[in-house]
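First chain written, first letter: the chains are A, B, C, D and E, and each begins at residue 1.
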Amino acid sequence: MRDSTFKSAFSDRAAKTFMGVLFGATLLVTILNQLFPADSALHVSAYTVTLLGKYLCYALLALALDLVWGYCGILSLGHGAFFALGGYAMGMYLMRQIGDRGVYGNPDLPDFMVFLNWSELPWYWQGFDQFWFAALMILLVPGLLAFVFGWLAFRSRVTGVYLSIITQALTYALMLAFFRNELGFGGNNGLTDFKDLLGFSLQSDSTRVGLLMATAVALAGAFVLCRWITGSKLGRVVLAVRDAESRARFVGYRTEHYKLWIFTLSAILAGIAGALYVPQVGIINPGEFSPLNSIELVVWVAVGGRATLYGAVIGAILVNYGKTVFTGIMPEAWLFALGGLFVAVTVFLPHGLVGLVSENWEKIKARLNRNNKPSGSARPAEGDLS
Amino acid sequence: ADTIKVGVLHSLSGTMAISESTLKDTVLMMIEEQNKKGGVMGKKLEPVVVDPASNWPLFAEKTRELITQENVDVIFGCWTSVSRKSVLPVVEELNGLLFYPVQYEGEESSKNVFYTGAAPNQQAIPAVDYLINDLEVERFVLAGTDYVYPRTTNKILEAYLKSKGVSEKDIMINYTPFGHSDWQSIVSEIKAFGSQGKKTAVVSTVNGDANVPFYKELGNQGVSAEDIPVVAFSVGEEELSGIDTGPLVGHLAAWNYFQSVYNDTNNAFIDQWHAYTGDDKRVTNDPMEATYIGFNMWVKAVEKAQSTDTDKVADAMIGIKTPNLTGGTAVMNKNHHLSKPVLIGEIQDDGQFAVVWETEGLVQGDAWSDFLPGSKDLISDWTAPTRCGNYNTKTNTCGGASAE
Amino acid sequence: MLQLNKVNQYYGQSHTLWDIDLDLKKGECLCVMGRNGVGKTTLLKTIMGLLPVKSGSIEFNGTDFTTLAAEERARAGIGYVPQGREIFPLLSVEENLETGLQARPDRSKKIPERIYELFPVLHEMRHRRGGDLSGGQQQQLAIGRALALDPTLLILDEPTEGIQPNIVDMIGRVIKTLNQQEGLTVLLVEQKLHFARATADRFAIIDRGSKVAEGDMGELDETLIKRYLTV
Amino acid sequence: MGRKFSRILIALLIALQVSVSWAEEPLQEQTTPTQPITENSEGATGIPTPTLQNILDRLTSRSFDEKEAAIRELANQDNPRVIALLNALMNRELVHNRKDNSIVLGSKKDGQWELRDPETTQLIGQVDSRAARPVIINNRLRTVINNQLALAALNDPDSDVRYRAANQLIGNDDPEMLTALASRRAQEADPRVAVQIDTALNIAALRSDDLSTRLSAIDTLAGNLHPDVKNAFNERLRVTQHPTEKKALEKAIARIEARIERFQTADTVFFGLSLGSVLLLAAIGLAITFGVMGVINMAHGELIMLGAYTTYVVQQLLPTSHEWSLLIAIPAAFLVSAFVGILIERFVIRFLYGRPLETLLATFGVSLILQQAVRVIFSPLNRTVITPEWMSGALEINPVFSLTYNRLYIIFFALAVFLALLTLLKKTRLGLQVRAVSQNRATARSLGIRSERVNALTFGLGSGIAGVAGVALAQLTNVGPNLGQSYIIDSFMVVVFGGVGNLWGTLTAAFSLGIANKLLEPMAGAVLAKIVVLVFIILFIQRKPRGLFPQRGRAAEE
Amino acid sequence: MNALDNLRETFRRDQVFDFMRQGTRPVLPGQLDSGTSKNILYMEDITVSFDGFKAINDLTLYIKTGELRCIIGPNGAGKSTMMDVITGKTRPDSGTCFFGQTLDLTRMSETDIATAGIGRKFQKPTVFPEHTAFENLELAMHSPKGPWHSLFTRLSGEQTNWIEETLYTVGLLGERNKVAGLLSHGQKQWLEIGMVLMQKPQLLLVDEPIAGMTRQEVERTGELLKSLAGKHSVVVVEHDMEFIRSIASTVTVLHQGSVLAEGTMEQVQNDPKVIEVYLGE
């Protein structure tokens, strides 16, 4: 319902604004970083560039979650798993790129395998020295997992908290598995010490800027895609599935197919986000599978405002920006601030920050209308039940 | 600048806060103390504390922030290896300086990092020697949390034990997840393994939170130190302060420092710590000593180099000597690891350790283990002309990244 | 007994009830009528305290009820049968009835026999989950539950919806009996004209949120019906 | 209801019972070996006896060999203070006074040492806490002392003490000890102690030169579960040449092993039940706040944590009464957590009814706040909770099978909490009211149910129970700021696996997951076992999308 | 299965054997094949029980093509449950339920049944609460229902007109853009009827359509249903006798899960059994 009012209020101008802001900001950062010397006041440091890149990856991840949660009503508490899998696929490629520049100078094996006495590269590492293969896996692994998992779950009509909890179990199990050194993904230390990506050194500023741009493009692309989907009839069906699944079935929709479709797409988007994230932060480790990460991700979306797409993006960026700032200025107390923020947003802003704006938008409109029609006497009442 | 900025990179929230926040306080205490003495090179030290929140990528990000935004001259930080691994590329790229104060699995040596905690040969190997020689242990349970540090340490120990003639079937290896809390089956397995007639000991690389339930279960199932002693590498005074040590008396730990060591430097350090925290129940521990040594060495190196420039300080660091808290002198070696004594302590019912054994002299920290096939031939030497963290003595080349 | 003075109600920005006045005497049976969506249910919910009033006042037995919480209104003796049954789907029939006992001033724990006498199905099905009952059975349950409260004012929102004819007749008779013999005041919303005629003494018609007509049942003539009750 | 419960309880007990009794076979009457073993070779020597203080002062040495010699010598002194001094040494009350380099008795008083003369126990003076330190002994010395003490305790009037002493001496082949044991055996009246002594003597008899002595020892010891017996058999098997003896040994060992195996199964079942009871405790509060009220309470773990901290605080407040402070901690933890729960309900959740998913977010925020609050108040370090005497140790059924008391109590405690809760929800108005409110708030209100109060009370109840769980968990694991996080996921798994809104489901789920985990663990290792259980839950939910005990009927299908 | 059953199986219902068909009409799998026979729905020996309680007891019922059938019966007689069986919401314990000649409804999912051409209005109005009235109808509209199609399809002018017509038919043109969750009870009923119309089903199941409607609306509903009959088959469940009388040709009375009486309104109304259990007086 909000969706439609929202749409009527902003129409797709908002989408354009969104893209404008996104590309404007990235371009500005790029220019400031590349064209101004490091000591200039206008220079934007590599730190800011990577930070921004990280936020955009999170935003993409949040967007992916908003698609399934906001529009399809599937509260996935395991989306971090898809993100991490995408990240691992990228990490494996980056690991292979190191070649014999590792500490042991072994051209075939990553360092952690050398000192744990692995004699040869396990089969599932094969192919990751090719970028195209890794890129394929970035899409395929999360997508396939989501497909299989979703197929099982939606077919047997697992819904609500049951679904949420098994997604959580999924990511938890994956976390435990990846922690195991024997699985061959570097255990808890994960994959690090990457050197270069497609021949570009990851330590150079231009690569960083390039990654930032790539992330911005991915985010914009995903945004347009999601926007298109949610604006299409498919989007309306998906909303219908969210609100009254059995009704949708009786109207003739194979709701499990819709859910599966959206879930898989979302997982792929999350995987892409993870893949872009890894080269920018320089490490991928099983901690990313932690169920708490996935819960936090849900919180970003809620803070921004669910089922709006913008909301997810804004929420992810704001919360993470807040984290960056607060961990710096009040290291001992920032958890209070963060926790307080979550509580306050849910209690006072049921539709998130975006909701706050759009509601005020209504009010402004109402005020305008009142000015036109002096008869309108009363202001709207807040809430229904006491 | 008229101050020298010191970055403090320890988690103050999240799972690791429990261990790391103590080290943050230690660094702050050292800085305060140093400033009272007039600072370094006449400049005051200014701490910059950030919270990487037990989140590994955040460690890298915060490091970048510390170095590029805050322009710190040195960073004291990290606890877990994974956080160090995450930080490593960043300090190398930005040519920063990191002091890492915790025992770890080795297999690393970076130009920009000084390792003041123990390498495996400064903790695990002497401990096993003690078990074999003094306690006449013949069977070993290698119990650890399932991750890199225990895995590596156990790999090294396995090789070492075999070289000592311990047979395969007298070694039991067991891994548990992080934060494992239900130890019933494992303890009972250990009990069974230990009741086969041969003297048995447990070598524990169990990490952090899992230790409390582990020791509680040992106590309850009646595994006493006389029957099956447990020697741990991650259990210090701090960890014991959360356990009822009554039933644990006699279990062992191997460290380079114990609070109970009696000498004037240590007594002064403990008093200072109590005064700083305003709590005379607070304990000191090995990573604190490592921080203490690292900090003092850095101060000396800066004064010696008369600069805070990373390269100059790093060069000046090598060979620096500073008193450690156990009565001897710590030396920074060419491989950026320390020479320190190794002590074995038994847990006492007041939560302290009584030293029951000590190495003769100092043990030199070894970056590359001699007991792993991959690293047998590697050495680390950051002095000219080698200047290499992983120099292969067979091929006479400097491998990998550090070659540049 | 129940008085409404110029009550206005809003859903968000939409003004749903406009200056409603209503005066219900003790022992009366009033039927509120009107087309779909004119605000009948809204009116009852407002009286029940489930919706806040924007302006105007509600008085019950001389005390001001305007801002009182719903649960306190129930405790003052108002029984409510909501539209759409609203039984507790996972409670058993018996438990559903017991929820009606919670507000009784005498704190009785026993379900009055009379309810089972009125609706024998409920007795038969007393261990079944409320949600499993058929629509009509649920409606009977909802009425029974309101009666368990031993109310002095009974509010019913389309109580005969989905109920088989002979039971509809019976419900009509029951309301009548309670009303006439025990002095129970009744406020009823009903679309079925013959039922309304047979049960209520007075009527009130609502159209687009305002009360447009009121009178004794006898006065409800074809013109009013044409004008307000047909599309 | 009650019947259903007692049936489960009985089933559990029977399971345990069966596994025990089926493993247990009547122990054979043990007989004393026919032949005394060795003569006491201790003779008087001509060396002048040193004074007690002289011997003690040798304990200042840094060499443990030297210390051992001193201890042995001390034990041989014919002095009434010997036992007391050995005990003091064990208890770290024999201290090294740094000033005059002497060994004296010392006890800690207000951070200082109060020194006393070891022989006369006369007060010598007080010194600073660092001016003296206890004599350090190590495990080897501890064994030596313990053996000496046991030897002395063999003649203690208390038969429990004798029993423990005899047990300590099993497997010992010191001739002096054996003589002492043999002579004790002659006068021993308590059959329990006698059996222990016989075991010890028979093990020694296995080393006898006489074949028939050895055979009869093998015969009597066959089936004895004491680990030293099996080891002695194995040892013997390695050296013996005699075919008959070999055969007898092999048979005896096989028998012991068979018994051990059966007891191990019983062990696993017990471990599973115990893990299950922990899961149950952790999940049961959630079964109310989440299962009944529909609040996805991410702060549940932190409420458990508060309970654990309450235990700690109560213990700090009553430093002298660790034994029963736990009993006070239970209601205290209930109140503290319930209070915090009510606050959460009043200030946060109240605004979120009808938006269940959003409760997840808000309570997640609350959990962060609570965690950090605890870090600020109590420091991020773990706190020590002392286990009372009556909860430590184990109920030893035989040397290979024992039930640890803390686990045993916790199993019963969990069941008791479960039962109490069930009664509360089924038999009181609150139970009905809360279910009504959670199913249809508006209607419940219009029936006169004070939904606000009901919600606050119910949430308080669920939270309070979480607190009570915290008391139990404090006995098993860390009391630290992360305590809650480690249980929250498991708790949700249990509630969901069992079927939301069904307490019996929670009970069954907790125990079945516990047992499954423990069955898998020896086979797959702890990590894999956990993964397998998680995967199992995922697959199980595919088969039964609403858990073990689903809500059925028309309403649930929506 | 013994020979008798086999035989019964062979001669089941008024089945037309393939070889007796004139010409061959290709029937796509999953599509309705009402063939040349006069019935569209066959329910035979259906039993449904819940925890031992038989909600439907050995019910046999046929609905003719194009028929308007009224079903009445006491509360709890099993009318809604019967509809649940037809629409696949509930699986019968035993019995068969065929839609046309070939579609075994007891083996099909709700979705397949809906696609095959059965539309249902529920007793308790169920609409998509967060969509507008217009969108509700759009979603229900007869058109391919796969995700791909939904993604690329756009409403044609024709379709928009159709939706608007339907909105007009159900009197909700004024509420076109109102979110369905906020409609009043009666409006939801209408909306749901509209949705069923949009599905263009062969068989309409309408459970208590006039509950909460005014008299005029009741008449309109009656008209609507009557106009649908002929092209479609309609099954109506109602408790309002006047309404039934105004539309019914054949009335079936269910009681305790099986047919108590069947016939014209006249016959049924005067049936003493029906009077006793249902009508009263």
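Quick notes on this structure:
Note that in this section a residue touches a chain if its C-beta (ideal position, glycine included) is under 8 Å from a C-beta of that chain, and two chains touch if they have at least 3 such contacts.
Chains and their UniProt names: A, D = Branched-chain amino acid ABC transporter, permease protein; C = Amino acid ABC transporter, ATP-binding protein.
Please read these numbers as outputs of a predicted model, since none were measured by experiment.
Shared contacts of chain B and chain D, meaning chains that touch the two of them, come down to A.
A comparison of the A-B and C-D interfaces places the larger number of contacting C-beta pairs at A-B.
Here the chain at the heart of the structure, going by C-alpha means, is A. Note on chain placement: the centre of chain A and the centre of chain B lie 36 Å apart, centres being C-alpha means. Taking each chain's centre as the mean of its C-alpha atoms, chain C lies 61 Å from chain D.
Between chain C and chain E, the centres computed from C-alpha atoms are 32 Å apart. Inter-chain centre distance (chain A to chain D, centres taken as mean C-alpha positions): 45 Å.
Chain B has residues 12-13, 146, 175, 177 in contact with two or more other chains. Counting partner chains per residue, chain C has residues 11, 49-50, 69-70, 132 touching two or more of them.
In chain E, the residues that reach two or more other chains under the touch definition are 50, 89.
Considering their complex, residues 45-47, 50-51, 54, 98, 100-106, 111-112, 114-117, 176, 179-181, 186-190, 192-195, 203, 281-283, 285, 287, 323-324, 327-328, 331-332, 334-335 of chain A touch chain B.
Partner chain A is touched in their complex by these residues of chain E: 87, 89, 109-111, 114-115, 119-120, 126-132, 135, 138-140, 145-147, 150-155, 177, 179, 181, 195, 199.
Looking at the complex, you find that chain E touches chain C at residues 50, 53, 73-77, 79-81, 123-124, 171, 182-187, 190, 208, 211-217, 220, 239-241, 278-281.
Against chain E, in their complex, chain C makes its touches with residues 11, 35-38, 41, 83-85, 121, 128, 132-137, 139-140, 158, 161-170, 191-193, 225, 229-231. Of all the residues in chain A, the ones that touch chain D in their complex are 75, 149, 152-153, 155-159, 161-162, 165-166, 168-170, 172-173, 176-177, 179-180, 246, 291-292, 295-296, 298-299, 302-303, 332-333, 335-336, 338-343, 345-347, 350, 385.
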